[in-house]
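Look at the two complexes coming up: chain A is in both, with chain B in one and chain C in the other.
Let's look at the complex of A and B:
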């Protein structure tokens, strides 16, 4: 029985993805622990998805720990858990794992190019990835990068398209293009002083988007809104989806092969790698299976792997005669580089009574909503209490208008109108226009919102003799996203289409074989 | 795999189109928004060049004050990420202020320790080092709003200040008086201010040094 490599590779990739998703959760777990409010949050998040993530974090951190602290058996070992939670920061783009700083080569190159300098901190973070790449080749691409999972998914989708007789296209892009992308990107970074390639690079996108998603998710959950805030995801997710569709329907595997700037960089450094796939000519039967299995489009059958090989070992799995082997070509050199990699340590450097009251419902939380608009010389500050009101409960709106240059306070009248924003730009006014209550320098209104949804509050004021109208957006409660029905509808349509087509194809095949 | 000239031009055009499309997708429209950066951040231009948007400082922050700057994150404060600012670390003191790692063990600020590129400097936790190297912004008091200046003694912000007596002094009736030379812009005063809109808030940027 031949031992396959791909299940191991898939497991490593999934493990890395899980760690990327877990990093922001561990950070939040540590925060709750050090704020001594974990028990409270556990109760508040019970039965919710965020609670499950927190529990997973604790389960992971608590492996092998005795539940004991300060001599009390059964008490959560708070200090040890906090200590352990600090062992993972960041993502596959740049991470700190057990005190070891690991930074993607592309990140290092871009940062150095954009700032036109190389700092010692960065060098220590690049050392281990650089040495490992020189030793093992592009293994980052095959074993770590989350794009590998997207590509694998695209390959399955492509099989589905073929089964449905939808005839996916097959365009070939040159593998040399990625070096052009890398050169253009690094040049642009050096020119503008702003890194550009991290917008395109899948490991950077996945890390950034997972951080943004979990931050928004926990922030909203603390205010008792538990739906997943998909709106926190940005253009990066869109780009990943686009890559998936293009890989499935037009150009299989094109990103890693032909366009990825990081892949180009790792290829350059992996050129003289010591871990290589070699072929026993006597055992090879020239069956071409390895060439077809190679996700990089290389030819192991004729020893044409060059510097692009990422040691994914798919060719070893495909080989029917075990003619392909993987191993270090220069044993002594490999041992020396490995020792150097191990020797490099990345840890090259090493409230006065402020209470953590943020999680107490009883504490009079000041609003976390402050919208600012300018009208002539006046600055209009719009705050709501609470920042995200609940429907059916009276909520305050406070407006403060002043001139920052002279500190003069606006003395005229302000009227407020509140309208619910409906689908397709429809609006329904349910409040005002109503004159404000004056409270010193402030203008106050009390509005009760009828239901969860998006609202628009309109202020009418006369600034400098000119009547002005200002519009402020406000979200009440936890409204469902307007994209939800569209997404569900599209998903249902695609499922129906796939199922109907599959049934038709099966039937046609049966008829063809029946007579 | 050999290519003729036509194929090469086609490929190069496809690569350029993909690059331009992705850049257009991710390019923010607004101008620089001048947000509050984590402590130890270098001058804004240099910071944006060095930062690789990895989120390690946010993971390291014990107070979870450092957020990823996205459109959604800034929505509540009329803050839109400007050109090249998407995904960078930012602090909204109103939401969660920088505690300067004071309740934390260790002798350096954790975000600077976590930063892989030096976009955030490594800052020791001693008051002198913090004073010298941290320039998140300056607190500004609006005397029209402040309770101590208008109606009654309050003094909440003075009690929250990590450099009380120096950065934030108490005047008569506990009126807050900011000394821009000592204020590092941590935002704890804005975080605790009980007035809304906040009578004391952080104006981001380099602090005024004498």
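Let's look at the complex of A and C:
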């Protein structure tokens, strides 16, 4: 029974992705612990997804830890947990793992180019990845970078498209293109002082989006809005989706093979790697399976792997005669480089300024609802604060009525009535009509809305000598996200589409085989 | 001429509006009126302005009743005043039982006038161009998806989101006006079908539509269902519900396009297509074969079968013998397929299809009845009496809102149908040798003009009074504080004053009635050529009843939708 490498590689990739997702959760966990507010949050988040994330963080951090602190058995070991939580910062782009600083090669080179200088922190952060790349080649691409998972998914999608006879295109892009992208990007960074490549670089994107998503998720949850804040995801996620579609339908192996500037950099440094795939000529039967399996489009069968090989070892899995082997070509040299890497890692420090955790005070904001209606010469300004009130919490309604032509301010009385608009029609008045509180020229009301939903606020005023009623709409609470039904609907449709296509293909094949 | 008159009326009204910007509140109905055009009265040293002589008279009779008081007035829009209502009813009765009988004998010839648009330079080339519906369809599909996105992800406050106003006030109300002039032009650019056809390019099974469902009952059921959720659940004020309805429609269109041959859904299932199909018999635009001789000599019948240039007729029509607009979606495919360039796009007088014998069908007849009932029902739910009726039924029978609403809706559907059924029976007694079903189906087409023109009159209110608010929302469709076109802070005024609107509404209802009488007469003459006026009498009575009900509805005050929207 041949041992396959790809399950191990997939496990490593998934582990890295999980770590990237967990990093912001660990940071938030540590924040709550340090602020001694974890118990409160645990209660507030009970039964919610954010609560589950925090619990998972604690479960991971607490492995093998005695539940004891200050001699009290059963108490949460706060200090140890905080200590452990500090062992993972950052993302696949730039991280500190157990005190060891790791900077992606592209991150380091682009920062250096943009600042036109090499700082000591950059050197120490780059040292380990650089040495490992020289030792092992582009392993970062095959084993660490989350784009590997996207590409694998794209390959599966491509197989589905082929099965469905949807004829995906196979445009060929040159592997040399990525060096041009790298050169242009580094040159642009040096020229403008702006690092630009990281906007296109999948490991940077995944890390950034993960942090943005969890930061918004926890911040909103603290304000009792528990829905998944998909709106926090940005252009980066769209770009990844676009890469997936292009890889599946237009250019197989598009990104890693031909365009990734990071891949170009790793290739350059992996040129003289010591870990190599070698071929026993005697065992090779020239079956071509390894060439076809290579995700980089290289030819292991004729030993044409060059500097592009990322040691993913898919060719080993594909080889029916075990003619391909992997190993260090210079054992002594390899041991020396490994020792050097270990030596550096002992003294590497965390790089300052890496966006592993940021507390954005602008979020969540409380937007204001402002509606304006004209009644005769009077302009009625209706302001709700917050614009999207929470149920059970007192919210303000301010009404200002004036005549824009003469700047005269309305001096009569204003009454407010609030009714809930039921989902199945009908209204239920729960407030007023109540006279306003006067605050100078402003008319104020305080309304507590009973539950989530649509409301209608009716103003009664006597404008221009005529009693008038004005109805203003208001939404209370956080309406559930439409993504779930949208996703379910799309999924159902894709299944329907695949089924319809399968039926037609079967029918066509039957007709072809019939006499 | 009528069209020119209508446009003139609106235009005149608009010009008059320009007079002054100062506005005041009518103390009787609480409407906003302009100083320049409003009647006014000096009372106790203060000038009061009125939307109409109706309110002015009411005020002059008892000014004290309208002084600032404790009782708040509803913010409603006045219906047409009593004198207009009475004049309208009188006019309709005179027309029905006297005047029209004298003029009716000569009708028919005038409807055969045609103007062939394809004779104009460039028109045929444009219709044969592959860009011709494809480009506008793509643009509209993109717009459609943007509006759905606004409904789903935008601010859920209906005053801040473009989806409800654009869908229900501008599109659904404006569609009827579009039909009047351009027939089923909406179907030509329909975004549902654009997305569905694009999907079906990748996969289609081309199954035949089930034989049992080769009628428009599916569309009738969908129309009733939509009216029910639209008015019962108030989805016109919920952006997300609006978007879900649009997506449900999209799902049906896409699934049908993948499963069934040609555009089966457009022909049998689509409620928009079928409602507009019946109304389009009235439209002033048609696609027909130009020369019958060329078609008779044609052996290939590419217009039905399709060829390399385009598909055969997507709605299963034979363009060579098509005599009605009902199922033609103006897709221009037959212009592309016809090897003899024998298709023509023609202007014609309104209602020309109703003069054609055609093949009356039971499902179409019932859709006409449903349309008549539901457009009236639509108007009724916006009167202040409606909530009182629903609440009254809830209390007296001890049922919930939904039951009460559904019962009243069924009643509104059943009453006109029952009245019509009884009067068909009466007409049958005077038409020797006709079957009940035959008479029922034949006369139902005469209800169409009444339904269409009341629909127009009702929608004119939405479209002209509330439609301009779209300008503001276009700049900030999601309610996220954008200002795309710099119009986000605009407070647009209605396109027409209230009195102008009343004139338009009254003219439309009378016009619809005249058309109905004319169709009744044609149908009666077909049923019994020597029958004279007597067999028509029950049907004319029905028409008068329905038209007077339309006028009565227009007389009721209409509740404005919420402020700020």
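One rule holds for everything that comes next: the second predicted complex is superposed on the first by the 361 of 515 C-alpha atoms of A that agree within 3 Å, B and C clash if a C-alpha of one lies under 4 Å from a C-alpha of the other, contacts with A are read in each partner's own complex, and residues count from 1 in each chain.
Basically, contacts are C-beta pairs under 8 Å (C-beta built on N, C-alpha and C of every residue); 3 or more make two chains touch, one makes a residue touch a chain.
All of these numbers come straight from a predicted model, not from anything done at the bench.
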Touch count on chain A, higher of chain B and chain C: B
First (chain B), second (chain C), both or neither touched by A:441: first
Touched partner set for A:373, first chain B, second chain C, both or neither: both
Partner chain in contact with A:63 - chain B first, chain C second, else both or neither: neither
Contacts of A:504 with chain B and chain C, given as first, second, both or neither: second
First, second, both or neither for A:195, with chain B first and chain C second: first
Touching partner for A:421 - first (chain B), second (chain C), both, neither: second
Chain C-contacting residues of chain A that also contact chain B: 231, 369, 371-373
Of all residues in chain B, those that touch chain A in their complex: 1, 3, 7-8, 11-12, 14-15, 18-19, 22-23, 25-26, 45-46, 48-56, 58-64, 67-68, 70-73, 76-78, 83-84, 86-87, 92, 94-96, 99-100, 102-104, 107-108, 113-119, 122, 142-145, 150-151, 160, 162, 164, 188, 193-198
Residue ranges of chain A in contact with chain C within the complex: 164, 166, 231, 369, 371-377, 382, 405, 421-426, 454, 456, 460, 462-475, 479, 482, 485-486, 489, 493, 496-497, 500-501, 503-504
Chain B-facing residues of chain A, complex: 23-24, 26-28, 30-31, 34, 86, 88-91, 93-96, 101, 103-104, 107-108, 110-111, 114-116, 119-122, 125, 172-178, 180-181, 184-185, 189, 192-196, 198-200, 204, 207-208, 211-212, 215-216, 219, 229, 231-232, 234-236, 238-239, 258-259, 297, 349-352, 354, 358, 364, 366-373, 381, 383, 385, 387, 398, 400, 402, 407, 409, 440-442
Sites on chain C touched by chain A in the complex: 22-27, 30, 32, 46, 48, 66-75, 152-153, 155-160, 199, 202-205, 232-234, 237-238, 240, 243-244, 247, 251, 254-255, 258-259, 401-402, 405, 491, 562-565
